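These notes concern the structure reproduced below.
Order of writing sets the labels: A, B, C and D. Residues in every chain begin at 1.
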Amino acid sequence: MTETMFQASVRMPVRAARTSLLSRVLASWQGRIGGGIVTFFTLMAVFAPWITPHSPTEVDFMSVMVVPTLEHPFGTDEVGRDILSRVILGARTSLLVVVAATLISSVAGAAIGLVAGWVGGWVDTLVMRVMDAMLAFPLIVLALAIIAVLGPSLTNAIIAIGIVKIPHFARLMRGEVLTLRTLDYIKAVETMGLGLPRILLRHVLPNAAGPVLVYMSIAASLALMTEASLSFLGLGIQPPTPSWGGMVSVGMQNWHFWWMSFYPGLAIFITVLAFNLLGDAIRDAMDRRLS
Amino acid sequence: MNSMMAMATDNRAVPLTDGPATSSPLLGVEDLGIAFGATKVVEGLRFSVDPGRTLAIVGESGSGKSITSLAVMGLLGSSASVSGRALFRRRDGEVVDLLRLSPGRSRALRGDEIAMVFQEPMTALNPVLRIGDQLVEVLRNHGRPTRGAARARALEMLRTVGIPDPESRLHAYPHELSGGMRQRVMIAMALMLEPGLLIADEPTTALDVTIQAQILLLLRRLQKSLGMALVFITHDLGIVGQIADDVAVMYSGRVVEAGPARAVLATPNHPYTRGLLGSAPQVDASGTPLPLKPIPGIVPSPVFPPAGCRFHPRCGEAKAGLCDRTEPVLEPTGSARGVSCLRWKEIAS
Amino acid sequence: MTRPLLEVRRLRKTFAPRRRGGSPVRAVTDVSFDLREGEVLGLVGESGSGKSTIGQCLVHLHRPDGGEILLDGENLATLPRGAFRRRRTAVQMIFQDPSSALNPRMSVGDALREALRLHSPHAGRDVIEERLERLLRLIGLQPEHASRYPHQLSGGQKQRIGIARAIAVEPRCLIADEAVSALDVSIQAQIITLLGDLQQSLGLTMLFISHDLGVVRYVADRVAVLYLGRLVEIGPARDIFAAPAHPYTQALLAAIPDPARPLDESAILDDPAGPDPRAAGGGCAFAPRCPHVMDLCRKDQPFLTQVAADHTCACVLRKIHPDRQGETV
Amino acid sequence: MRRVLDPVLQIVPTVLVVSLIAFLLTSLLPGDAALSRLGLDATQEQLDTMREQMGLNDPVPVRYLYWLGRAVTGDLGNSLRSGEPVAEVLARRIPVTLELAVFGTGLALLIGVPLGILAAVRRDSWIDVATNLFALSGMAIPFFWLGLLLIMFFSLHLQWLPPSGYVPFFENPVRNLHLMALPSLTIAVAFAATLMRQTRASMLEVLNADYIRTAHAKGTPPIRVILHHALRNALIPIITVLGLQMGTLLGGAIVTETVFGLPGLGRMMVDGIYKRDFPIVQGALITIVVAIVVTNLLTDLCYRFVNPRIR
């Protein structure tokens, strides 16, 4: 009845066939740039061993801390390893951490949130109290505490980063479930006596998945950032495995050789930016689709 | 109330029909068009209101009635392109075109000479400001009242709109009041400076029916005592019969029928007006409900409007080759009435 | 007389206070009524009257705090979960808001097939498809609408699908909760007509919940009027509209806008504050707004008393003047 | 009174759960606390006695209650390395992080909120695009890398500010501010970016609200509509974000302290992990988390003040 609704529908005139989410994401500049960089980053990580111009691990004391040249476009480090090659290989480590940690946190968090939101009552109160308490810890602090217990390693970094993001997904999913429960179509299938698994899988999950998907992109960027910070502090990926955060840390001890910390840091920056752009694009695409 | 009915039947020239208005009305809208991009949501609209009269604009969602009121108020965003004229006679006699005013002059009129009451009393008041402050702000926007004078005026208006215990309400927040009370506050706020024109956009739609009756009565009493012109926008023909002197029926961005409210409701000329009356729950003199005669089909989208007469796909009287080709214009039918239908004469006979 | 299909007895529902320290909200207090086989009972009230809460209790979206809901003599309110699920399709609901009534990710056909399969799990594909087509025609749509998604339908069409889904499981009774309130006048008339036709052809039993007496008049055989969670009057629709007994029903009727009838100023309640559950105290909830209020009203809760055949009303005035039954106060 | 007391009482269970998590994490730390205290030369007998003395043989719930009892009296144990009471270490470290957090928040508010308002009001203009780019970059830039870039530019290239070190404010205010400038800017950038986006988003939402239309309809000057009607409402979600972002801010402080060599809480925790000095880690962890819970409480109180609907 209100004219504002009317205006909104006027603003985007054609709502003909449902176009796929992907094409809507790629229709925005955020989606194209973010998606492009994330694809590039993924390919680089997958094919890293075959595309590095030099060996990322070979020590060469004849060319220690060389300024960027054609031979070494990003320069070399304190033991003469090619920084470009190490940045390329570092993408592999980062991708592994990002994918594994985000999967852990999204699956576990969404499951917890779904149960808490649907069951309600004391289960909800108890679970969410623990989640809220975990949320009081800053990401990096909780990750550090978990690392302190488990010891620094790649696997432990994945576990720590995976665990710290669980409450975010749980809260998000719980909120979605609570909203959906107020909608008439969920009430309708409840009153029809449809089986619980079918209600959850067919009606609740598909309609709650959108925000979770958007948040996965943001969680991926946070996972990357947390891994880099842990490695920077020397408590994440351990040398000699190359990691962008660790490389910046080494570079920090050699301020005057700027390229040692500049390029790995730039790699983190661009990749995190790409995930954020992609997240924005997916969110906008979903908003438009659901309106 | 009988006086209102009497007024509605006298043969005033309602300048909805062709030709220039004889006596200059308070507000005269001519050939108003509103478009968002290529989508024309309102076209060729004309109506006028005199001081002391109530014009009801009636239509379903998407008819463009609310957007018209926003255009007259100068509250449409920059995404809309507006054409035509809306001539308003100011207190000092100057006639201005509301659609061509500078933002500053438009603002100077709003709240002072033209005021508006909106549909949703729950969201139309600012939730974080006290009622008193929101009332007083109207005075501060249009002058420099002393604290005491402003407060006194706010109190007086709260009393006028029938709010019990007005002193304590001045310090209340909107969420502490019921829907009906909030709508009374909205009316008090609109009338702080005794505007010549009040536009009420579905002011009772969100309210319960017993409260709706109270608000209608209040609006009617205030309108008579202040002698202002009232434009009342509604989707409910029942309300038109209760409050309006004149009525303009809108469909898909156009006026399809206009004239004195009682005459239009008694003998509608346009098939759409008939359909609306047939859709509205009504009883005969003995209290038995009259059978419903719904209009088939759905309201057309303004993006893909039908060719010819916009109502023809739903119209039982539509003639192929005529109504789907030629677009009708609002033509006079005598006794201050107008209709926009190619076949109204044939239908009438 | 045969047993009513659905018997509601002293139904109570109280909601926890929204804020800490607030007082609990008594949404429904001791409401009793019958729903007889094949009739349409209009449940009428303004916001806060508890009419929607009653509807939601009947389809088990809320668990009542007290009272009984007897379907064929079996108490739904206390039935264990498993047993209840099997009985669930017996009572179905049509919801108010067409925009949220359908799963946006499911086609119309899939949504209806789901309901049809629920009703006959062992039916073959052909049978389901045939029933789907019949169902769509029944509610005035075409078979090709089955492949549409909700965003491709108008509000009225969505509401038709909502009705189809509810009747697909062949329920014993339907609850229509403000089923036409969100629609435009011209569409509203279409849906009212459709509901009337379906009721005739399928012999549906229906509880029609609405704030709009004008609409209820078209569909209901009997009308129950609620005020702040209590039943104040119930009786045959014709009696209620011709000779409303309760002052609140009278005010409600007088307030219906009718194009052919001017506003009746004398019948408008003079109480800007509106309904307030706290203002009533121990007495009649309507007393603070009632034009005929007496001292007695503020002290005692009136009970439902018979005023005419099959017509009861909860008002002290009615008790005092039993000889004036049926007359307007 | 009630509206202040209620939220205060509500954080008690949160603090308990938080302290339990912190205790469990640190009590699971590898490395034997008794061994750490006595050194590798200790005999098995000495170790057993020490374990008994330290209560390490008691069941975990008993140890937690015991630990909690001492913690609320301010006794957080002693450093395993230096033997110094943890509370004293904290007393030295807290002011550093507090100063960093206060300056960082202040800067972020000064940058983020006005830019957010501007972006919302001038929606889709070049200002909106530019601030959006700033916000996207600000949220993507790692604290440690931004810190390094700032050092390279302002300290090494321009030689305006010292690259690292710390002097307490009351010892030498000017020097302190010099040293704190870059670290504060470092943690402020990401925070400002988040605040800006939130401010823009909630302003846009509020500017679409019915009551904004009402304000225009009564002839309110546009600037007053924005600052008086819109901002007051938009502040409500901004305050929520302010509270939620405290964690990110303190997390950023940990990394930033490492870059700039500031002896704050974060550095304390990281060093503690390196040295397996669990009372130190525990002390730092608890302090950081309690600080966050308390800031959340303060924002909650602010929220109640700004939003009359939940009073």
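Just so we're on the same page, a contact is a pair of C-beta atoms (placed from the backbone, for glycine too) under 8 Å apart; a residue touches a chain by one contact, two chains touch by 3 or more.
Values in this document were obtained by computation on a predicted structure and should not be read as measured data.
Chemist: What are the chains that chain A and chain B both touch?
Modeler: C, D
Chemist: Common contacts of chain C and chain D?
Modeler: Joint contacts, listed by label: A, B.
Chemist: When the contacting C-beta pairs are counted for A-D and for B-D, which pair yields the higher total?
Modeler: If we tally the C-beta pairs in contact for A-D and B-D, the bigger total goes to A-D.
Chemist: Between chain A and chain D, what is the gap in Å from one C-alpha centre to the other?
Modeler: Here the centre of chain D sits 22 Å away from the centre of chain A.
Chemist: Once you find the CA centre of chain B and the CA centre of chain D, what distance in Å lies between them?
Modeler: Distance between chain centres: 54 Å.
Chemist: Cα centroid separation between chain B and chain C, in whole Å?
Modeler: Roughly 32 Å, centre to centre.
Chemist: Please work out the Cα centroid separation of chain A and chain C, and write it as a whole number of Å.
Modeler: 49
Chemist: Can you pull out the residues of chain A that are in contact with at least two other chains?
Modeler: Residue numbers touching two or more other chains: 1.
Chemist: Residues of chain C that contact two or more other chains, please.
Modeler: Each of 184 in chain C touches at least two other chains.
Chemist: Taking each residue of chain B in turn, which ones touch at least two of the other chains?
Modeler: Where chain B meets two or more other chains at a single residue, that happens at 61, 120, 235.
Chemist: Residue numbers of chain D touching chain B in their complex, please.
Modeler: Against chain B, chain D makes touches at 209-211, 213-222, 228-229, 232-233, 236, 306-309.
Chemist: Of all residues in chain A, which touch chain D in the complex?
Modeler: The touching residues are 4, 129-130, 132-141, 144-149, 151, 221, 225, 228-229, 232-235, 245, 248-249, 251-252, 255-256, 258, 261-262, 265-266, 268-270, 272-273, 276-277.
Chemist: Spell out the residues on chain B that touch chain D in their complex, using ranges where they run on.
Modeler: 73, 75, 103, 107-112, 115-116, 118, 120, 123-129, 137-138, 141-142, 173, 175, 186, 189-190
Chemist: Considering only the defined contacts, which chain A positions touch chain C in the complex?
Modeler: That would be residues 1, 15, 18, 183-185, 187-194, 202-203, 206-207, 290 of chain A.
Chemist: Please give the residue numbers of chain C that touch chain B in the complex, ascending.
Modeler: The contact residues of chain C facing chain B are 46-47, 154, 156-157, 184-190, 192-193, 211-215, 217-218, 241-242, 251-252, 254-263, 265, 267-270, 272-274, 276.
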